[in-house]
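In this document, chain identifiers A, B, C, D and E correspond to the written order of the chains, with residue numbering beginning at 1 in each.
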């Protein structure tokens, strides 16, 4: 489904999701060196920056902190996930219903699937009614699509990421968040495979400003609809500086060189 | 159940389903050489050809592209499936409800079962309420019936395909889509086994025009109600040419020789 | 529960169920030599014989063929089953709801359980609500009760069949269909064990007229309420002849010798 | 929860449950030597004895025979169970809903759990809503609490039986039926552990009159609220004689010596 | 979510939960030496002490004893749990619904999760709707958060406990009960990680007055919102004495030295 340009998640046809589910997915050790960001207020505050069109957080952070920010921040409710203490194949358990996300003011919902894992059928079966309930609430849905499992020799290969993107389209995602497939050409192929479903670059672990912004620029040239960024923002000493730069690159057409 | 001749899926007593669930089932690498067809519009456009009595696609493609084609294309909503990244025994997870398919304008629904796999009971248990819900909406249901599992030494044997066809009848399919059992006589046996349930030949992977059309002609002589074709149409350089020929063979009684 | 003598399934206090779920349970190879019976009309036609007090078939056959026979045939809706391609322990997946069976005009429902298999708990848990829903619709329920699994050294032993029959009573079956426990005395013990639940002899694979009718006569003497017969009728060259004979033996008190 | 003294299950503050689920749990071979008791009427008749404050039977026996006895017999609906053909760890599958038990006139419900087995979580999860539904119908609930599994070295040890009794209290049973822990002192400890939940001695396999009645007397002295007895009644040649004696010991304070 | 200071569970901004689920979780052997406490009245009585802002007990104790104490005791309904006879990985089966807890007068609910176990997904999936149903009833929810499983080398490490606390926040707990991570500094880190979710120190097994009170004092200094204490109260010879001391330390700012 094509998300209209007047969606709250879209600005000039592009989207930047600030993702902050790391407390659940990876735990407090992710905050080493940036301990102040353990306080979710710090990250909600970042989400008020004009560069951020939506903040992706879970139920607990939403209940606790979103009431203070709902005028300034668009909420992408991340409905499933798990801890990295778990040693099974990647899986993401739903802990938040679409109905309650809507009640808390969500502007969109997000759901992780891992195509290829032994529990792929269960993940697809879970995704189905979530996607349809989101439609009932007129909420766009973003799929985090990460191929894993025995058949995946290289989970960032051109084919794997294009397949990940296509699954986002096939199962009814408005957006599909994928890892970077190692080249702009491969990303362009994933964008083609996704059809009218918007591809969001998954920001990944923290890199230098130049490396990160050139990646973003290359992916925009490849046709992505934006990015979902977390650690590359909130793990930085000055997150507002990188948000300023992202805003210029993503929404105003500046190059990485322009802003560096 | 016998589908009446005035069903939108039937023309002159025959049916051609254009199947396009390959993006989910096999991924974008299926489109190598025909990259333009990664854009689902290209395949929806093909489905407007008079030879096509229904287009079989999943939820995401339907939501995104069907609104532009609903006047010209009959929709067969494919409700379950999975990626070929998955290494388990064949399985097809339901990701789309009958209710939502009906809401999106489906003219029929489709569901895959794999008789003989370890999860056969779960697939039959899932098929039951889907079939009954389809009845509530007066939607014909087509079963994709593919025997697999430990007991299946040759999944295209005469016995296996006849059993597949019979299961379509026994569980309440209006149509049952089966692979070609290697001879017209074996297909005629499958048609007998299916009773009043219409047997659709599964088109399979791309072959030459002659090979494909002779196969179709032979199966029609054996009594099938039509075919479900995918790669043999949209992987071709000129899909409209093969659709023209199929139209003559299936609906107008021409022989393969006539149209080649 | 005692089925009253004015039940449509009972004639002179006895019942003959013509069972025809072999297409699902065993597949078309069961019809080798009697290919014309692949057409379910042939078997529905047999069910119009006065000897048959109910026809046991699945959902698909009912939807397709029963509308032409509902005035002449009482329907026993067989709600669960599976293919013999499946290599797991015996199991029978429900593919038909009681509600829909009632809607299609069922006069009774049937359900298979396999006491002793690893999935016995699941089968008993599934049987419970089916049985109770049948009560809501005032439909008698027949249990196909076949002990299997690690503990069953001889599944037709006196003890195993008596246990099978008792489980029919304990879980709330009006009828319980069991295999022949190798002697009339053992069958009489099973009848005792079943209390007021009617025991139906499972007809089994095709035998000679004499062998079959003497078996029936012996079981009637042992107190069974009737039989459920399939292959011993529809696999015969002349099914109407054996039905004539069964009618005399079961409903009119003739001996096997009388009718042969 | 404390069962009030004017409950139909209580007479002079004590309870005798006649349990008759052996047909399901152990099969007809339990009736060797007392074949007449295969007819459930025989046991329902025993339950009309004044010594019996409730008869514990399953759904099928209730449907079939209880209508003739509902004026004279209080019904304890045994909702779950399984055959001893099953070779898995002890488990008891629910085959009867609380709602239907209430509809059939149950005065109380009963449910088996096996603390310690691998499926303990599933048993506790199943017990929860059953217990709450019983509350909705104002029906007392008795837990059959039998510790089993890898950790149980001696399932009748003082600790195991006290734990079994406590679980009855903790999960909301009005009564908890436990095996005899080999000494009156251990039984007194179980009674303490159960708090206000009434402990019922599980009668076990048939013993001599003296052995059985002395056991009962000892347990009453230890504080039990009564007993649940089956084989020690209906496997006896003269069940009414032992019921007469039980009545005097349990309700009238006689000693075993007094009545022998 | 921040629990407001006028919540019944909070006094001067702090909380002391008296936990008494040991009968289910560990069994009557926990009461060796304090046998009188096997009578739940003894512990309910302790809960009337002003030091106790809530009593955490299961369904059965609540039904049986809470009616006599509901004016004086705030109830924290512990909804899930299991016996220690079970040899699987830690798990806690839900046996009490939120609705019924509310009906019985609960002031809050409690739920155990074990991040990192093989069944983590199931526990998170179960927690989700429980948490949302608690919101419907305006009941605060406390998560017992205990990391376990293959990845947990040291389940009381600084990182493990901080992660446990964070999961309480991320999944929507108002309180999160964690074990002591071996130093006040580590506990302060857990408090930071939990954001506005209140951290409750898990009291653990019985220690000396000094050891226990110094632990409490240290944790209060580290920022915890209170504690959940069980054995350190009810296993003591004089539980009221330790409650007096806890009251001074937790609510009145006294030091351990002050009160010893």
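One rule holds for everything that comes next: contacts are C-beta pairs under 8 Å (C-beta built on N, C-alpha and C of every residue); 3 or more make two chains touch, one makes a residue touch a chain.
Protein names from UniProt, one per chain: A, B, C, D, E = fructose-bisphosphate aldolase.
Small disclaimer: the values here were computed from a predicted structure and weren't measured.
Shared contact partners of subunit A and subunit D comprise E.
Taking CA atoms, the transformation carrying subunit B onto subunit D includes a rotation by 145°, reported to the nearest 5. In whole angstrom, the spacing between the mean C-alpha positions of subunit A and subunit C is 57.
Taking the mean of the C-alpha atoms as each chain's centre, subunit B and subunit C sit 35 Å apart. For subunit C, the set of residues touching two or more other chains is empty.
Subunit A makes touch with subunit B in their complex at residues 1-2, 115-118, 120-122, 124-125, 127-129, 131-132, 135, 147, 149-152, 159-160, 162-163, 166-173, 189, 192-193, 195-197. Taken together, the subunit D residues at the contact with subunit C in this complex read 21, 23-24, 27-29, 31, 35, 38-40, 58-61, 63-65, 81-88, 91-97, 100.
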